[in-house]
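After this come two complexes, each holding chain A, first together with chain B and then together with chain C.
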Partner chain A sequence: MSDGVAMPRDGKGAARGRRAPLSSLWLLAPAAVLFLFVFILPVGEVALWSVQGEAGLSAENYEAALGAGPYRTILFGTLQLSFGVACACILVGYPAAYFLASRPPRNRTLLLLLILTPLWVSVLVRTFGWIVVLGREGLVNSMLIGIGAVDGPLQMLYTRGAVYIAMVQVLLPVAILVMFSTMTTINRSLLMASRILGASPWRGFVHIFLPLSAGGAVNAWMLTFVLALGFFITPALVGGPKETMIANLIATQITLTLDWGLGSALGMVLVVAGFAVVGAIALLFRRVTGLSGHGGSR
Partner chain B sequence: MKRSLWEKSGRYLLPVYFVGVLLYLLLPLLLVIPMSISETRYLKFPPQGFTFRWYQEFFASAGWIDATLRSVLIAAASAVLATAIGTAAALVLSREGSKAARAAGPVFLGPQVVPVIILALGTLLVFSRFGLYGSLWGVALVHAVLALPFVTTTVSGALRQTGDTLARAARVLGARPHEAFWHVTLPTIRPAVISAAVFAFFISFDELVIALFVMGQNETLPMRIWADMRHDLTPVVAAVATLLIVVTFAAVFMSDLIQRRAQRRAG
Partner chain C sequence: MKKLLWSLSVGAAIVGGAGDAALAQSGKKSITIANYGGAWAETLNRICIEPFTKETGITVTQAATEDSLAQIRVQQTTKNILWDIAPTERSGLPVSSKNGWLEPIDWSVVDPENKLPPVARKQYAIGAIAYSTTIGVRTDKLPEGKTFEGWKDFWDVKTFPGPRTLRNSPAENLEFALIADGVKPSEVYNVLRSPDGVDRAFRKLDEIKPAITVWWTSGQQPVQLLASGEVFYATAFNGRIQQLQKDKLPVRIIWDGGSLDVSYYSIVKGARNVADAQKFMKYCWNTPTRLAEIARAMPYSSFNPDIYMILSADESKELPTSPANLDVQFALDSEYWAENLPRIQKRWEAWRLQ
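Presenting the complex of A and B:
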């Protein structure tokens, strides 16, 4: 149902009815109101708090957040970790997405469902699973000791490696989904044409499939990077103090030290840094390939 | 010989690799289940003995049950709200060539791109200003915003697939807009609406960060799990996690089944 105006029965009126009548735009109103009060307003409030000092407008919170010291270290650590996690998601996910896209549609659905199901399980539960696997008396340690590879349990939890493994597991389905949807739009007869013209399958992959799916991979990278920046649960539960991320720092500022201004500034820095990196990557990709992230598949 | 290597890898290596990825994604989840029936008080693999004690502890604890009920209430309210508002928006957004759709589409993706921690912080600032700290309805509203993009994409996808020819026909035959919606459009997109509602429910039900910032003493289930995991990590967490995994998997497969059956019926 798409128009709110009664459609007259003569041809001229029908033509007018085909155009979008303004009245049904009101259906967007509840969503817009919800958005305004529950998304724009809170984010605006964070921006406001971030520039509030003891006496009116001030940049002191940003100076504290960006000046040399532990906060800047944590900010760079967060960017670095998110960068690594996003790259790992693409490298691990690309072959899986390729396999999925080359299946016939019939069994593709089930395989995709299996990949995506973990997305709907709470991140808390997924992280708990890694505690079972990597813990002192967890699966890996009991197996290693069982076959006599090590004498005592290895310290795997509360390390950077554990944070990597758990974060990539949480974000991998997202990366696979984005790359897979780009790959399904690639016209496979191009590959067949290259075979007929004498190219090896490998050559066809490198010169046709890879460039056409690169846009999807870049989009997947950007999405996983931005999502990784805001991670809170996983680093707190399986990482050590060195793996503290900005989100954990913000939580500490808010709940323990009660410095809402500094917490807000850290949050704004996180958002801006995220957008800056994503914008730079998108620009670079367009410059290098002449393609936009979305158009690459056509 | 490159050619045969490539072909071999396509036939054997890739499927094996894919199974490896599936194990990486699913195994840690499935391992939680045996831990929940192990007799030891701390997490030890392989599980020792067999007991339902941790499940009994969960169901006998007022703290756990209150937190669960609170989460169910918030998630239900949030799902109803997000589904109703999101479906209404999708009716506009799914119209091709609509200027409003093109302008509003990216805006609705906002909550997916801005880290949740920012929204959590902003929510705390707004709630403390308006005295909403600890409010169940308040947090349900915020969760609804998180779920909104999922609802609009799912429902407008279904709307684009079915097209609006039938609804237009109903209108030409004299149906009012709301009648055309209830009797013609809604029945065709019902499976998408149901699965959107299911997902909206779980987005709220599993959400920790916002709840942690604004709920205070009104603990939700994820807050309770979080507290337990940070402090003593009892096997009760394994039992709760198992229940959550079973419920989530059942819901996802059921909504998938509904969607697929509808697709088959549509031809």
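Presenting the complex of A and C:
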């Protein structure tokens, strides 16, 4: 799994003049210490491995990782696939989160539980489940052949589509939860006010609810994108060769060819690429909309 | 992955420390065997470890691992040796011996009667058992009146149409391609080492590529694919296919041209209890009665020829090292792969993406 990339929350706290007093910085200490030992130091060590050549410092591992060849193709493929999966999670998850947030609080618990239950089942089991559903002699094909919709079995497994379905299924609960938590902070009386002032429900949604929940959707996008970057079991089991993820390559270098230099370089490239995409999206979102991650709750 | 490596070494330090303390307290002797969990670990427990502890008072702990070689390297670089015995199959043995991460085996203890053939009697490892990567065939999907013989038929998609799966690894697949191209199993490594050998294998692989629906990565996958009818022909470990046969699936094993993989175990350099580790190797992996029992429990067998005096002909015929099966297979050359894997792996990734 990809390591945690800090989620930019809003940054508007400062603008509102509620800067945290320095004396309360110690509250960050436990997290900072943990982060130092389980993230900064190990990543630093890996960064060192990635630039060690036969004799001293060397960029050979980065040349191998980024030069023309299979590694670069797979890196771009990974970014592209994760981008698509994250977008799909938002498109599918947003209406679900909206539905959840508009239920009365006591009904939400059960619904939330339903969304969370898949997370208790191992990813491996869920992926094997898709093999049963999408296979040649699987549920969908048997049904299609049974009703005479197709003559022979459709090739659904080992395609990009199968990877999308399986990855979205794994990541969707995360996306829904993040968007849901933003939506519950939105002050519903704003919507009521718009209705009183004569706006249609649709207009109220587009002008009030959508902008106020957009930050949550962007956060959910970034979180699912980063998680998707580190996937490798699911794409390996239900995807074809074109769905090889960079994480598969890293695992091969670490455990099989024992080329830890190249493995580390690929890992560093993934971390940097992940940061770059997430950073660019966050910047773009702020620049274009001037909106923050949350608002309207006061 | 990065985090994993680090936590491995940190975790290793913590567990190692705890183990020390426990050992000092009890004053008992113990050894730790790294192993690949699952049914094999249970079999080992029942047939070797429990009686060994009862007889000698030495406690034996199995530590689960999935990437033995990487962990051996971590333990050697951090100088924190947690294991006495570790699996070193495939590139594991040549790479670890070259780097000086292993203790030599004292063959006067482990094989005093000189029963094991050279393939199981390495300077730094014992070949405990062998397993085969064989072809599994769904017999109910075969065209009528046709028998499937081996690699030539695997490549013959006209006579034997249908989806297939191979392992996502150049090792063993280049060999299979050469056999399909007419090379004798005993000759594959001579051809692979020749200047045009690797190119020839990749050219042959080009032919079969469109028929490969999936490149499998974990041992259970091809079995699942065969069982669900996702593929009709697959490479898989012989024991897994035999599991399907027990479940009454119409599946046949083709031993011809199979790849014999030796499951090596080594003593890690700096291990705490080298002497008892050697004793255990002899007790478990070179005592015919126990090896026969292991072969009965799982269809993986030792190279010690005496086990075939204990096992019946019927039991023997399904074992990878039985004389008849041994003749038609080739032994995976781990030295060739240790030397060439990094180079060929990159070509393999590029070839798969094409």
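Throughout what follows, the second predicted complex is superposed on the first by the 252 of 298 C-alpha atoms of A that agree within 3 Å, B and C clash if a C-alpha of one lies under 4 Å from a C-alpha of the other, contacts with A are read in each partner's own complex, and residues count from 1 in each chain.
Throughout what follows, a contact is a pair of C-beta atoms (placed from the backbone, for glycine too) under 8 Å apart; a residue touches a chain by one contact, two chains touch by 3 or more.
What you are looking at is a predicted structure, and each value in this text was computed from that prediction instead of being measured.
In the superposition on chain A, A:Val206 contacts neither chain B nor chain C.
Residue contacts after overlaying the shared chain place A:Thr252 against chain C, while chain B stays out of touching range.
In the superposed pair of complexes, A:Leu41 makes contact with chain B and with chain C alike. Using the contact criterion defined above for the overlaid structures, shared-chain residue A:Ala193 touches neither chain B nor chain C, since it reaches no partner. Of the two partner chains, chain B and chain C are each touched by A:Glu137. A simple residue count on chain A separates chain B from chain C, and the partner touching more is B. Of the two partner chains, chain B is the only one touched by A:Pro95; chain C is not. By the document's definition of touching, neither partner reaches A:Leu283: not chain B, not chain C.
Touch criterion met: A:Gly129 reaches chain B, while chain C stays clear of it.
In the superposition on chain A, contact of A:Ser264 is made with both chain B and chain C. Across the superposed pair, chain B and chain C both touch chain A at residues 3, 38-39, 41-43, 45-46, 128, 131-132, 135, 137-138, 236-237, 247, 250-251, 254-255, 263-264, 267.
Only residues 1-4, 6-7, 9, 14, 17, 20, 24-25, 27-28, 30-32, 34-35, 37-39, 41-46, 49, 92-93, 95-96, 98-100, 102, 109, 111, 113-115, 117-118, 120-133, 135, 137-139, 141-142, 169, 172-173, 176, 200-202, 205, 226-227, 229-230, 232-233, 236-237, 246-247, 250-251, 254-255, 260, 263-264, 267, 270-271, 274 of chain A touch chain B when the two sit together in their complex. Of all residues in chain A, those touching chain C in their complex are 3, 38-39, 41-43, 45-46, 69-71, 73-74, 128, 131-132, 135-138, 155, 157-158, 236-237, 240-242, 244, 247, 249-252, 254-259, 263-264, 267. Residues 1-3, 5-7, 66-67, 69-70, 73, 91, 95, 163, 168, 213-215, 217, 221, 224, 228-230, 341-342, 345-346, 349-350, 352-353 of chain C are the ones that touch chain A when the two sit in their complex. Chain contact summary for the complex, chain B toward chain A: residues 2-3, 6-7, 10, 14-15, 17-18, 21-22, 24-29, 31-32, 35, 42-46, 81, 84-86, 88-89, 91-93, 95, 97-98, 100, 104, 107-108, 110-111, 113-119, 121-126, 129, 141-142, 144-145, 148, 152, 164, 167-168, 170-172, 177, 180-181, 184-185, 199, 202, 205-206, 208-209, 212-213, 222, 225-226, 229-230, 233, 237-238, 241, 244-245, 248-249, 251-253, 256, 260.
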